[in-house]
Amino acid sequence: MSSSVVPSIKKDFIYKLISEGKRIDGRAFDEYRSIKIETGLIRKAEGSAKVKIGNTQVLVGIKMDVGEPYPDSPDMGVLTTSAELIPLASPDFEAGPPGREAIELARVVDRGIRESEIIQLDKLCIEPGEKVWIMFIDIHVLDQDGNLFDASLLASLAALYTSTVPAERFELGENFKLPLSKDPPISCTSVKLNNAIVIDPVLDEEEIADARLTVATDKKGDIRAMQKGLSGSFTIEEVKKIIKASIINGKKLREVLNKSIRG
Amino acid sequence: MEEQPKIAIPSMVVGDAKRFRPGRGTFEKGGKIYSTRLGLINKQANFINIVPLSGVYDPIPGDTIIGIIEDISPTNWLVNINAPYPAVLHVNEVPWHVELGETSKYLKYADAILAKILLVDETKKIILTMKERGLHKLNGGQIIEIQPIKVPRVIGKKGTMISMIKKYTGCRIIVGQNGRIWIDGNTDGVEKATRAIRKIEAEAHTKGLTIRIEKLLKNRR
Amino acid sequence: MGMKKPEDVILFKNNKRIDGRKPDELRPIKIEAGVLYRADGSAYVEWGGNKILAAVYGPREALPKHIQDPRKAIVNARYNMAAFSVEDRKRPGPDRRSIEISKVISEALERVILTEQFPRASIDVNIEVLDADAGTRCAGLTAAGVALADAGIPMRDIPVACAAGKVEGKVILDLCKEEDNYGDADMPVAIAPLTDEILLLQMDGHLTYEEFEKALDLAIKGCHIVSELQKKALLKKYERVLEVE
């Protein structure tokens, strides 16, 4: 399958299906594709997880190092999130430094994790002002078939919840489980197509969508992060509708995540 | 009943050069014939050919294909034909009289056309034509893509497979040699035809496929 | 090569290597063909602790136009290590080592691919190391060979690679991490198994001529064993295609 211009016939057909209440792969508007989460695959990483949503695959690895804290938070660990849209994952991804899409992906996932304060960064201080744990979340997209945001956040969370701080390697005592709070933010991404809202867009839908909204919510149903993408617009009603649907679907996805990290 | 075809991979010995000649997808060395492709071993007359199981579309003059307009210039259109290179459709090769600079009036970016490969030169430059009968711009319907090497199976012997799909779904279907297929009908019919074609693509080289496809088509769902 | 060995690391004991292998034994290897949805061809290789993914796109138009070769396709292999694939996190992006490896792998693959069938095109091979455990370029090239066949790229042969080396005076096959770090020589070799043509050859360390001959012989034997695994992986995937439901 190679990259090519999307024929207008295809776009018109997807629109026609939408007007009849159908989607190109037969799902309901508020239905996710099948989700598979695997953890602990990368031995060299402190934690890792691979998430498959339909055919989309994202692998996240967690690495840790010891370094200096930020001057304005001398007793907190440091968190950095990066994403790579490697050329392996799509005929449209080019080799080179992260472009705007990769950077947006990394920053949105980072905000979701940082703002929900699930990583207890205060417990990652070694010597205040001098030495703290530096955490790297590296998102490696392996197969692009739509909805990289949800796949990346889920994989990042699954990797974090199965991570071990490698204190022994740095002669700082025994290894310990990464200190995390139990309320991970779950993101749900929806797109607007022909004035309808569908959740978990597959690539065919993402390519022709007008606008996209990702909403991360916590266990209580409170909003932790949001990001609108693409150059179309939403009405106020549509935004509210999407947020409500994200809260409901977020609960389902949270169950899938919990099952994978308990195992 | 045909016997189960054997799979060949690159560098596998597929025949004896004393009894056979090297056909498509093979080379001869030291009295033996080797495969260069992942595919099925096929013996025709005294040639051994490899029918590829994967790979890009190889444009051949005379092929009818479905192309998508990728770029427009004052005197021609660049057409994506699902091959390693874009093809060129010149204003002289269309059924309309096109004034200079008016190319986008007739075919716009992302339009789909039914065209024929006119010629392919040594540097693999591909020239298309729409001047023959039956070639036209495609409107409405849906376009799906399958692996080009599966096209013969979708069409079937003397067109029997594709006729069966058309009959049971009530759809108009045009199969391009380049793996692009245009399907037009009501959404249920298009959806069923798509499923049938995808199943053929996945099981192209198995026995009893025609019966299984007929079962899928007859099913009310 | 050339790191100072800590006292407690014993590379050889009772003719057994640090991981229990015999001198001419390969690490466990697993190969799977066709593992990705978007790529035209793909393969996944586990070799010792290595986990490597390879994907092929093409042949497709080589762009920008000025890099096109009117006589044949350009083979563009890109070897990359994921940030989390090594013990000390690697900054994303190509470093000089990755660029060199990409070059020698591209050259090896070009020799077996029938590039004249696709003038002005490029065949893009992406090799991604997800978990590294010494011998990544050999495992990567091996994965690339399978991915190319999976993509339907015409080849005279399926390229395969394996390394041999020397540790405490003994010539051994398929170095593991400690042997790579503290050993005396490391020599990755890629061949076209039908003819034993050498497609890739690098060496780092110190070998006498006799030791080199032994190491080359061992590496080529290793390549042939791995070649059988590549072929099995391809046949396994495609034999499923022929199975009736």
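All chains are identified by letter, namely A, B and C, in their written order; residue positions are counted from 1 within each chain.
The criterion applied here is as follows: a residue touches a chain if its C-beta (ideal position, glycine included) is under 8 Å from a C-beta of that chain, and two chains touch if they have at least 3 such contacts.
Keep in mind that this is a model prediction, so the values were computed, not measured.
Interface comparison, A-B against B-C: more C-beta pairs in contact at B-C. Farthest chain from chain A, judged by C-alpha centroids: B. Distance between chain A and chain C, defined via averaged C-alpha coordinates, is recorded as 32 Å. Inter-chain spacing, taken between the CA centroids of chain B and chain C, is 34 Å.
Along chain B, residues 56 each make contact with two or more other chains. Annotation for chain C: residues touching 2 or more other chains are 40, 60.
Residues of chain A found to touch two or more other chains are 1-2.
Across the interface of their complex, chain C is touched by residues 1-2, 41-45, 48, 55, 57, 59, 61-63, 65, 82, 84, 86-91, 95, 97-98, 136, 138, 140, 142-145, 169 of chain A.
Per the touch definition, chain C reaches chain A in the complex via residues 36-40, 42, 49, 51, 53-55, 57, 60, 78, 80, 82-89, 92-94, 124, 126, 128, 130-133. Per the touch definition, chain B reaches chain C in the complex via residues 4-5, 7, 9-12, 25, 27, 34, 36-39, 52-56, 84-86, 122-124, 149, 202-208, 212. Residues 1-2, 4-13, 16-17, 20, 22, 26 of chain A are the ones touching chain B in the complex. Residues 40-41, 58-61, 70, 114, 118-121, 149-158, 192-194, 231, 234-235, 238-239, 241-245 of chain C touch chain B in their complex.
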